[in-house]
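What follows is a set of structures to go through.
Heads up, the next two complexes both have chain A, just with different partners, chain B and then chain C.
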Partner chain A sequence: MIRSPSNSVLVTLMLAALLTLLAVDVATLQPNRIVAGEGYSLRAIMGLDGLLLSLLPFMFATWLAWFANARRYVVIVVILLVYWVSWPWGMSLFAQAMIEPGQQAARVGIGPGLWVLLFLLLLMVLEVQTRLGMPHLGRWLLWSAILVSVAVPFWSGVLNDLALVREYQGNADDFAAALQYHTLLVGAVVVISLTLAVAMALAMRSHDGLKRSVFAILSVIQTIPSLALFGLLLAPLAWLSSQFPLLADLGVQGIGWAPAALALIGYSLLPMTRNTYVALDSIDPNVTEAARGMGMSRWQVFFHVRLPLALPVIVEGIRITSVQAIGLAAVAALIGAGGLGTFVFQGLGQAAMDLVLLGAVPIIVMAVLVDMALSGLAAVCRRGVANAEP
Partner chain B sequence: MSVRRSNMRLILWGLMLTAAVLVIPHLDVLFRLWLPDAREVIYRRDSFVSLLGNHLAIVTAAGLIATLLGVGAGIAVTRHWGKDFLPLVAQLASIGQTFPPVAVLALSVPALGFGTLPTIIALVLYGLLPIVRNTLAGLQGIDDDVMEAARGMGMSSLQRLWQVELPLSSDIILAGIRTSVTINIATAAIGSTIGAKTLGDPLIAGIVNGNGAYVIQGAIVIALLALCVDSLFERIGCALPSYDQGRI
Partner chain C sequence: MQNHDTPTIALDGVTKRFGDECAVDDITLAVNHGELCVLVGTSGCGKSTTLRMINRLIEHSDGQIRIEGQQIRSFDPDQLRRRIGYAIQSTGLFPHWSVSRNIGLVPRLLKWPPDRIAARVSELMAMLDLDPETFSDKYPAQLSGGQAQRVGVARALAADPDVLLMDEPFGALDPITRESLQDELLHLQGQLKKTIVFVTHDMDEALKLADRIVVMRAGHIVQQGKPADLLARPADSFVESLLGGRDLGLKHASLVPVAMRMSALNGECLPDDESVLDTDSLRDALSVMLWRDTFRLLVRDVNGNPIGILHWRDAIRGDDA
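Our next item is the complex of A and B:
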């Protein structure tokens, strides 16, 4: 793979990044929270000399990509990381230069050019990582470094004048609560649907007719849009809570956490049950037969043979379900279920874009992190299975 | 599923959708029983027919563009001249799918503003991913022997694409388009929070004003639309060249 002399992908991405930096505003200055900011191009901020100087390493990286080999890829990745690490500090300098001490409400924002650049940088790192054929551990270290290098300036106060950080500071308590609530809702949904899925998968193995009807019902639920399912649960739940005061005391209502949790479980059941069923069903009967022959009891066979063999596929089901539930829980904010989606829809309602970002960006980060962690876990389980086989 | 059964399903959901859209505005009395104190129990700011039309137009436009771009990209990166881009595109398609659609929709607002067009663009961007992913899976899943045989018969690369590769992977590509459209119907409903006129309007209005009747009306029509479109895809699947022969 490394042998190919020029990496046209990297060169294309890099040229696109260079053009973006030359043509599109990288930062904005806002007098207050709602007013749209005034854009600044990189050239306006740094002057022509500064612009060329700051792009010089990047052009060097482009040249390296044109004549790529393994060692040059390493240099390229280092240059890319330097750019990735330095943007928050550049933003901080920009804020210091532009905002006078008295302007309490003024703030700086990330301009469209910088968003595009950051996206392209990540794509470039992804491309280099693939070309280098990095091992799992290396990838983890690389992406952790990428995450930490952005998180540190955010927490350390360097970016205190950034609009997103201002928005966070204004909502710090609510944010912590929303994050916790979002995690709790998703966690509870995943645990409950996993339990139900295992029970249903086991029942379906002994009743074939059950299998067809359960999957038919679950796939109809999966097809119904989330907003509609939340809506359809409103009337029945409102009726239940009016009939049974105990439920009302628990907070079960037409809106709020109850319809959100119910709908989320409904959506989670299809991927979870399908994977669990497939996992348990695809085990070679000879293997369990042999285990029985060795004198294992039914329970021992289940816990020592069946479950370990089925685990990778089940974990895969948990991954799909969790990622899906993180997104759907955000929609549930519309029906008053709380969580990070609250910021998104509040921000949309007030046309406060940084509040939208404060909700949407953590939701995406959460989904990607959970996806990475659980696919890592699935890989570990699979390796365990592979090692156990003769 | 047999052709007959999928026909029945499509007709059933289609009739129910049509009935719902036409009948709901006349169910004043019924909803009055449930909410005797509400000022208005039928959503009348727009007719359900026009909302349905708008919703369908947005989803169709986004679906067509995403299909053209997605299948195009999938074909491009599996050709000899585009294969450098294959690893990146494949990874992007699978990582991008972990992004929740509602977050992508929300992020389109700072970038593009409120309205119908930003909604369509967000739907296209998100809808591309499953289509690209499935196109890649379909094209790469074709047996090398089949391609070898096609080459041996003297087919040109374009002929191979049209007569061998695309027909053999049509079911997987269709499944990708189906996933994409299903997600987009749901996301378009949420699009009414960013200013697109869709079937989400009655739902959002109902939630904001605490009017349960609006919520139910919107929810029923959206759900029926989704089921109807889903069974349409089921029916199209039966007509595909790869439907009965199965994959080689």
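Our next item is the complex of A and C:
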């Protein structure tokens, strides 16, 4: 008889999750916004029987992971999803039980144990997904389900007593504006740096000397810490805006969006230019020679041959750049650039951790979504070319 | 109207300089309609440069190049190239396009209607022995070297150009595949009567395919003529060594069919396995004689009927050359 191989990664993750649920507080109760909450362990909330009962499916999943095969992985992922779907509703029940009707300011929070569990759950789903060799479409469906199952209770009001939601409600308008601003800033940075990168890559291909100096400059920019770069841009931009009233009217100042956008473009240029250059440079010269020899015009060669062959690597560059810019744009809030980072720094200033989360969680979600979308796009582009590679 | 007096391709005092270096130096060459002209010479002597000047992938520095009497500079380069087939050793097939799309490239550039392109692509695939069912939707990376080269040739022929330029198209193939593609090219050429300029390193290939061989050396044309003439009267020791040195006799024998030297059967009885076809070359016959250790061979026609006998004396000293 063939013994199913045990998946030690999964088993380890699951044991860690079990231990966390047994030992670490999963929820907090705060009388108001600022005061530190009181922690509650799962056992304190559910009692010993409830604790064991709620962990039973998880132990079953651990046993399945020990004797894993394809069908058992499917069962495991279902169990993981059940836990994932049920935590907001559990939180809601906890809030109803603990907060009495009169207590306007009281709120519940996600405890450290639950954060760890959620993180471990996502890692486990990732592991199972690779083991099952899920196709792209399947992955998309899975992660959409994961996102929707959390988004629904958040928007439906079930979690109104959660501190994070309270912070959101207190800042709803600001949040929408910050989200839009963050997206716009990152989008503009990516579009501009892509345009510049393509132009530079094309220029570098025709002028050999240019190549080394451009990459040298871009690498130096890359090594400057982000806050220092913002600082470096402060003086020249302030001077520019004082010299040219038109620029000042446009909002170009030493602080604000202008230095943030410039710095983000500076950071984006290296990965974007490098990928674009490598993509265009690695195309077989025989192919372009044949294309010219068949009577394709320069434009046709570029759009029908060079670009499609280079596209997967260029999209990869866009992906790296976008994810990096989404994170860096948060830091830009420090120089008044706005965006989701504003909540992070406000929250730090007010010692209101849930306000920090209001900024941090959407940034992470945005980065993950963009990463997935662009990896998918790169894979689609590569399919046409991949047939090509021997 | 085709005027058969003006050569299809005419190079007149053509020179190409790269900086100070003279890659092609004052060459004059005329290729007539339906002629298969092979350029040979050592590496770096300017064969590819000459070829690429004809379709303006390289602009010539001096002299004149005419196609059907008209200066190539009077055409738009892209339009000119669409009228000239071009096949290269590395095939240069587009890796992200299927075989049928690759073949239909030039017709698409010429804006043929889609159904005409599809019909033409199937016709070409049949012509080059590529089963459309199997190959239409394959990608170049899924093809063997020989198949890819067939696609490359099909692509060059797609818009039915009068002129075909081929730069070592079979250079990267194994001898057997190469030979079968050579046979096919000869067969196609028999039907299509294109004007072809063909570059090769392989002297046997040159002798087999050429109506005319042009020997180049360091940017100059050293000698040109029919294969048999070149073999009979090489202009100098360079041409002689290029043509094969001490192999010259055998190379020459490879151009002569057995039918030209055989004599009639007169009741002699010869062993069955000591036979050749009347279309085989004298070189093949001599090889069989050496191998079989015999002086005489039975000659059969394609249907296997004995039609004559070949004596080694006749093979070695004919009166035709």
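Here, the second predicted complex is superposed on the first by the 382 of 390 C-alpha atoms of A that agree within 3 Å, B and C clash if a C-alpha of one lies under 4 Å from a C-alpha of the other, contacts with A are read in each partner's own complex, and residues count from 1 in each chain.
Simple rule for what comes next: contacts are C-beta pairs under 8 Å (C-beta built on N, C-alpha and C of every residue); 3 or more make two chains touch, one makes a residue touch a chain.
What you are looking at is a predicted structure, and each value in this text was computed from that prediction instead of being measured.
Once the two complexes are laid over each other on the shared chain, residue contacts for A:S297 go to chain C alone; chain B is not touched. When the shared chain is aligned, no partner comes close enough to touch A:Q180: not chain B, not chain C. A count of residues in chain A touched by chain B and by chain C gives the higher number to B.
Contact with chain C, but none with chain B, is seen for A:N286 once the two complexes are overlaid on the shared chain. In the superposition on chain A, A:P308 makes contact with chain C only, while chain B stays out of contact range. Using the contact criterion defined above for the overlaid structures, shared-chain residue A:S144 touches neither chain B nor chain C, since it reaches no partner. When the shared chain is aligned, chain B comes close enough to touch A:L126, but chain C does not. Partner chain A is touched in their complex by these residues of chain C: 52, 55, 57, 78-83, 86, 88, 90-96, 105-106, 109, 139-142, 155.
Within the complex formed with chain C, the chain A residues making contact are 284, 286-287, 289-297, 300, 304-305, 308-309, 384-385, 387-390.
In the complex of the two chains, the chain A residues touching chain B come out as 4, 7-9, 112, 115, 123, 126-127, 130-131, 220, 223-232, 234-235, 238, 254-255, 323, 326-328, 330-331, 334-336, 341, 344-345, 347-349, 351, 353, 356-357, 359-361, 363-364, 367-368, 371.
For chain B in complex with chain A, the touching residues are 34, 84-85, 87-88, 91-92, 95, 98-103, 106-107, 109-111, 114, 182, 185-186, 189-190, 193-194, 200, 203-204, 206-207, 212, 215-216, 218-220, 222-223, 226-227, 230.
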